[in-house]
Amino acid sequence: MTHRSNRTLQVAGLARVEGEGALHVRTVDGEVDRVELNIYEPPRFFEAFLRGRHFREPPDITARICGICPVAYQMSACLAIEDACGVRVEGPLRALRRLLYCGEWISSHALHIYLLHAPDFLGFPDGIALAREHRSVVERGLALKKAGNRIMDLVGGRAIHPVNVRVGGFYRVPTTDEIRGLTTTLRQALHDALATVEWVAAFDFPELEVPHDLMALRDVEGYPLDRGTPHISTGRSFPVAEFGDHVAEHQVPHSTALHARLDDRLFLVGPLARYSLNSDRLSPVAGEAASMAGLGPVCRNPFRSIVVRAVEVVYALEEALQIIDSYERPDAPCVEVAPRAGFGHGITEAPRGLLYHRYELDAAGRILDADIVPPTSQNQSAIEADVTAVVRSHQHLDDHGLQSLCEQTIRNYDPCISCSAHFLDLTRERA
Amino acid sequence: MTWVPTPYRVVARTVETHDSATLTLRPVAESLPGFRPGQFAMLYAHGVGEVPISISAIPGDGTLVHTIRAVGAVSRALHDAEPGTVIGARGPFGTAWQLDGVEDLLVVAGGIGLAPLRPVLGHLSKRTVLIAGARTPQDLLYKDELGQLSSVDTVLTVDHGDHDWHGRVGFVTEPLASLPFDPERTTALLCGPEPMMRFCARTLLGRGLAPDRIQVSLERNMQCGIGVCGHCQLGPLLLCRDGPVTGYPTARPLLSAKEL
Amino acid sequence: MPSIAVWKFTSCDGCQLTLLDCEDELLPLTEHVRIAHFLEVTSVSEPGPYDISIVEGSVSTPEEAERIRWIRDQSAILVVVGACATSGGIQALRNFADVDEFRSIVYARPEHITALATSTPISAHVTVDHELRGCPIDKGQLLEVLTALLAGRAPDLPDTSVCTDCKRRGLTCVMVAHGTPCLGPVTHAGCGALCPAVNRGCYGCFGPMNQPNVPALVPLLRRSGMGDDELHLVFRTFNANAEWS
Amino acid sequence: MASQVFDLSGLDALIGVLRADGRVVVGPLLRDDAITLAEVKSATDLPSGWGVEIGPGHYRVRRRTDTAVFGHSAGPQSWKRFLHPPHRTLMSSDSSGFHAVQDDTPDYAFLGVRACDLAAIGKLRQITGGRAPFVVAAQCTEPGEVCFCTSMGCGPAAGPGYDIALTERIDEQGQRFLATSGTAEGAAVLARVPAREAVPEDIALAEQDVDAAARNMGRAMPELDLRDLLAAGRDSAHWEAVAERCLTCGNCTMVCPTCFCVSVEDHTDLDGNAERAQRWASCFEIDFSYLHGGAVRTSGAARYRQWMTHKLGTWHDQFGTSGCVGCGRCIAWCPAGIDITEEAAVLSQTMKHGGDRR
C-alpha cells in the first residue's frame, strides 16, 4: 500500500509566478481525483472597457493587462488595429518593433530563468537566497535582464508600459547613434546568455513528455516573434483571422481565468511549442547553443523549458544585434493609419506564448468589440494535466516534496496570472 | 557662499518638553563666527536634511545652543541627537534683535518662539517683562529657568490648562492688554505664530506704542540661508537675509496680505 | 534588519516588477532589508508584523477590502505604489458603469466570481504613509522612498506638474512647439517627462498634480485638435477615479 | 575697441579658436523642431536659414529666405541651463565628515547670446555667482513677436558684459559678421580669427540694423513704474482673473533666464552616504512655500502674483534691478499663452479704475 493514499495538497499562494493563484490537488486511493489551478486574481474587465474607446488607445490600455509583457500586448494590439485599417508596417519600423520585442523577451526570460525558475532546480526558496551562494551567477542574470530593459527604455521610452509605441509605429524613432549605443551592452549580454544556456543545461530535469498539441507562430523567415501564422504540431495551420474558430475559451468554476481548447483538444503555447515548431529557424549561434545544450529539434519536456528560454535569449540578442547593425533611422516615426469599419486580428509571440487580439471598429475608429486571448489561459488546461501527470508518477514523494514538484511544474510555464485574469468579458457573461 | 556645514558635536542635550529639546554643540575643529540674538543657523542632520534653527543661548565659549521642536523628519532627527552625535552647522544668518538704545523691554513669545528670544532675557540690565504663551502647561519652554531670572518679570499663560496648572489661561494678548508699560520707553520683541504677532502688535499699537518700537521675527520656508534658494521671500524681503527680525513698519503690510 | 513585505491587490504586476527592475540595487538592498513576504519573488513568507509594507493594486473584491485592513495592522509603514493603489487604476473605469447593470452582469454566476462594483484606492480603506504615483511607478522614485525610509528622512516626491521635469530635462514643449495635446501641465511629476521625450503628449499616467487647473487646460487641448470624445477619454483612463478637478 | 568683419568661415574659425583654448562652445542648434542650446563644434552646426514664428503659447521653426545663423529669437532654453544647471550636487556627507563637491563646470564660451540674455546672465550671476563664461553676443537685428527688451532697457544692442559682440548682416555683399571686442580677452581671441578691418560703413550699417530692431519690438511693457504698480496691486482682483487661465505648471519660471529658485533635497544610498543637491524650483509649486502645517501660497492667484511681482517688482528691492529682461520666453512657452506685458497692462488699468479687492 502506498503511504497516504488519500491526500490533499493546498498551495494557497503560488510563489514566484506573476500574479496570484492557488493550487488544489486531491488524491483518493492513490488516484488523482482533482487538480485545480485556481486563479483568484480579481477580474479586470478589459474587453468591456475597450468598448467605445478610440482605436489608437489599445496599445496603451492593453499594455496594462500585464506589467511583465506589455510589449506583447502593444504589438498584438497594433497588428490587430492595423489589420482592421488595412495597413502593414514594414521595413525599418517593423525592425524597430522586433528590436523592442527582443528587449522584452530578454528581460522577461532572464527574470524567469534566474529569479523564478532556477531556484527550483537548485533547491533555494528564491533568487536572493541563490545569490547568497552564487552571487556572480545571479548578477549575470540581472545584467542580462538589464540589457533587455535598456532596449525597451531606448526604443519604447520605458521598460514597463512603454510610452513610445503607437498604432502605425512609434512617436519618435531613435537616432542611429542612440541605437548603436546599445551594441557593447548587447555583445556582453550575448556572452552572458551563452553562459546561461550552459548553466541551465546542466540542471537535473525530471522525466515528463507532454502529449498535448503544440501551437506557435511560424513566419516566412526567422524565429517567430512579432508576427506569423499559427501552426500546430499536428502539421495543420490556419490564418490568424480564424483563431477564434479554433481556440475556444470557456469558464471553469474554480478560476477567474478562462480555459481555452484548440479544436476541443488540450494544447500548449509558449517556448516549448515555439521551439519545437521553429528550431530550424534559430540563428546560427542560438542553434548551436541549443544542440550543445542537448535540445533536439523538438522538446516536449516542460522542465526543460528553462533551457529553451535560455536559447531564446541568445536568439533575441543575436537578432537585436543584427537589427542594430543594419539600422537606419526611418524618415517618419510611423505610418499614417486612418480608421475604417471592420474587424482586425493580431497575433504575436509573447514570451509565454501566443497572444491574440481581435477588434471590431466602426468607421470613426470607435471600438465596438474586443477580444483578447492571452497565453496563460491557453495553457491552463495543459498545466493542470501536467500537474496530474506529475502527481501520478511521484506518489512516493512526501507532501512537501510533491508540493514543491507541483509548484515547479506550474512554474515551467512561467504562467502570467495577471494577464490571464484580464477577461471575463461582460457581454459574454451576459449571454 | 558655502554649502558645506561645519561639524559640531552635541555635548549636552536637555529635554525641555515632550517634543522639544535643547542641544549644546561644540565645534569639532573650526568654529563659526559669533551669533547675535535673533540670528539663526542652518543645522544639518546627516542624511536627513538641513533646517533653520535660531540660536537660543549665547554662552560665549564657542558653543552653539539651540532648542528644537520635533515637527517633521529633520527637526525630529536634530531633536533626537544624543551627546556625541556630529551635526553640521552653517551661519550665522539673518538679522538680530535691535537692542541698541533700548530702555524698557517687553518680550512676547508664543510656543517655540521663545527660543530665539531667550538670549535676550537676562542679558540686559534693562527692565524686562516677558509674556510667554503655550498651548498647554506641558508645552511651556524653560519653565524652571525663567523663574530664576530676577531681572525679568515673567507672565506665563496657556491656551488650555489642566488640574496642575494654577497660572493664567488664555492668549498672550490678554495680559498684554492690561500690562502697565511706558510707550515712550518700551521696545517690544515678538516671536510666535503670525496671527499671534499680528494681534499682539495691534494691541500694543492700540496702547500707544509706536510701530517702530515693535520688532517681530518672521518665518518662511528656508533651504539655503544665503539668499539663493528663493523660498524665503516675503514680498520685498528675502527673510534669510533681510529677516527674520524686522521692524513692524516693514512687517505690517506684509503680514496683512493674504498668502504672501 | 528592517523587514519588508510586498503585497499585490488588483493590478498588472508592473509596479512590483519595478522593484526587480532595480537590477543594480536589488542584491545590495537585500543586505539592508529582509524580504519577509513577496510572493512574486520568494516562497518564503514570514508572519507579521512588518516594518515596511509595499502595496500594489486596487481594492476590487470583498476579500481585498478585508486583507488591506489586516496588512495595515501588521505594518509600521505602508507605502502604496502605482495608479491602481493610489487611484483605483484602469479597472476603476467600472466605477463609471451603470452599477445595477454591472452587478447583474458580474454576479450572474456569483459562486464563481466575486468583484466589488468599484475599484478603489488603498487610501479609501486605510491610512497610507507614502504614495508613489504612476502606471507604472518610476524606479528612481521607488528607490528614493526605500532609501529615505531606511535613512529616516522624508522622501523627495514632488507633487507639481510634469512640465517642471520636462523643462529641467531641457526638452522642448510638444504643445507649444509642435501643437501636440499634452496633459503635462496638470499631471503629477515623477516620470521624468517620458512622453515629451519621445515627442508625445503626456497622457496623465501619474494622475493629477496637486491642485490641477484642468478647466484651463481643456481649451488648449481643444486648440491642439482634441475633440469632445477624446477629451472625455483622456481623463478617463489610467487614473479615471482620481480628482482631476 | 577695434572692429573687424568676417564671413561664415571666420565664424567657424572663431569657434575653432575658442575650442582650441579648451572651451566648450555652446550655441544655437536645431533639434526637435526648436532652436535649442547645445555644444557646437563648427559653424555648420548652427541653424543656418532657420527662423521662428512665435506668439503667446506658440512657437514654430520656419525656413528663412536667407542663410542667417542668428536669425531667430529666444528659444525654449536659456543660458541658465549652463550657468545654473537644473540639478547640482552641493555637498556630501559620510562617516568621515562633510565634503565640498568638485566643481566640474567646463570652461564655457557662449555663442550667439542676445542682448536680453546677456543682461539675464548678469542678473543671474549676481545671485548665483560662479565662474564667468566667455560671451560672444549676437546683437539683435530682428526681434520676435514676443520680444520687449527695449522696454526693459536690455536690448536690442548688447550691453556690457560681452567679450565679443557680433552683428550679422546679409545683403548683396553676402553674409558677414561685424565683430567688436568688449574685453581684452575678447580682443585676444579676435586677433586669432582671420578677418578684414571694419570700415565705418560696416559699423554704420550694424548700428542702423540694431536701431531698426529697437523700433520693431513685438511687445512693450506699459510705461510706468512697475515696482510701484505691483506693490500697489497686491490685493487686486486681477490675480483671480489670471488664476483662472494659469495652469500653475511652472513653465514660465523654468524658461525664464533669470528665475534662480532652487529646492534642496537630500539623497542617501544604502551604505549610509548622503548628498545634498539642488534642483530648479518654481514659485508655482505648492510646496515651494511650505511651512510646517501647510503651504503659505496655495491659491493659483497668490502663486501667479508672487511670480510676476517678484520679476517686475520686488526683485528691485532684493537685488537693485528688475528681474525681467524682456526676452519673451515666459509668453511663448506658457502653454496658456499668458502674457506678462498684457497682464501688467491690465493690472494697471484695473488699478486706475479702483480695482482693489479690499
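We call the chains A, B, C and D, going by the order they appear; numbering starts again at 1 in every chain.
To be clear about the criterion, a contact is a pair of C-beta atoms (placed from the backbone, for glycine too) under 8 Å apart; a residue touches a chain by one contact, two chains touch by 3 or more.
What you are looking at is a predicted structure, and each value in this text was computed from that prediction instead of being measured.
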Check your understanding: From chain A, what is the lowest number of touch steps before chain B is reached?
Key -> 2
Study note, to complete from the structure: Listing by label each chain that touches chain B and chain C gives D
Revision key, fill the gap. Per CA centroids, the chain at the heart of the structure shown is C
Study note, to complete from the structure: Greatest number of touching C-beta pairs links chains A-C
Point to revise | Gap in Å, rounded to a whole number, between the CA centres of chain D and chain C | key: 37
Revision key, fill the gap. The distance between the C-alpha centres of chain A and chain D, rounded to whole Å, is 51
Point to revise | Centre-of-Cα separation between chain D and chain B, whole angstrom | key: 40
Check your understanding: Distance-wise, how many Å sit between the C-alpha centres of chain A and chain C, to the nearest whole number?
Key -> 25
Practice item. Send over the residues of chain D in touch with two or more other chains. Key: 263, 266, 268, 272, 274, 298
Point to revise | Touching two or more other chains - residue numbers and ranges from chain B | key: 47-49, 72
Exercise for review: Please set out, as single numbers or ranges, the residues of chain C touching at least two other chains.
Suggested key: 151, 153, 199
Practice item. For this structure, give each pair of chains that are touching. Key: A-C, B-C, B-D, C-D
Point to revise | chain C-facing residues of chain D, complex | key: 31-34, 36, 57-61, 76-77, 81, 86-87, 243-251, 254-255, 263, 265-270, 272, 274, 279-280, 282, 284-287, 298, 300, 332-333, 335-336
**Study point:** Footprint of chain A on chain C - complex, ascending
**Key:** 8-18, 20-21, 23-24, 26-27, 30, 35, 39-45, 60-61, 64, 89-91, 93-94, 97, 105-106, 108-109, 111-113, 115, 135-136, 191, 194-195, 197-200, 203, 205, 229-230, 233, 237-238
Review point. Tell me, which parts of chain C touch chain D in their complex?
Key: 25, 28-29, 31-32, 144, 147-148, 150-151, 153, 156, 158-161, 163-164, 167-173, 175-178, 182, 184-186, 199, 210-213, 215-217, 220
Point to revise | Parts of chain C lying in touch with chain B, wherever the complex brings them together | key: 151-154
Exercise for review: Write out the stretch or stretches of chain D touching chain B in their complex.
Suggested key: 90-91, 93, 97-100, 127-129, 231, 234-235, 260-264, 266, 268, 272, 274, 276, 278, 281, 283, 288-292, 296-299, 301-302, 306, 309-310, 313-314, 317-318
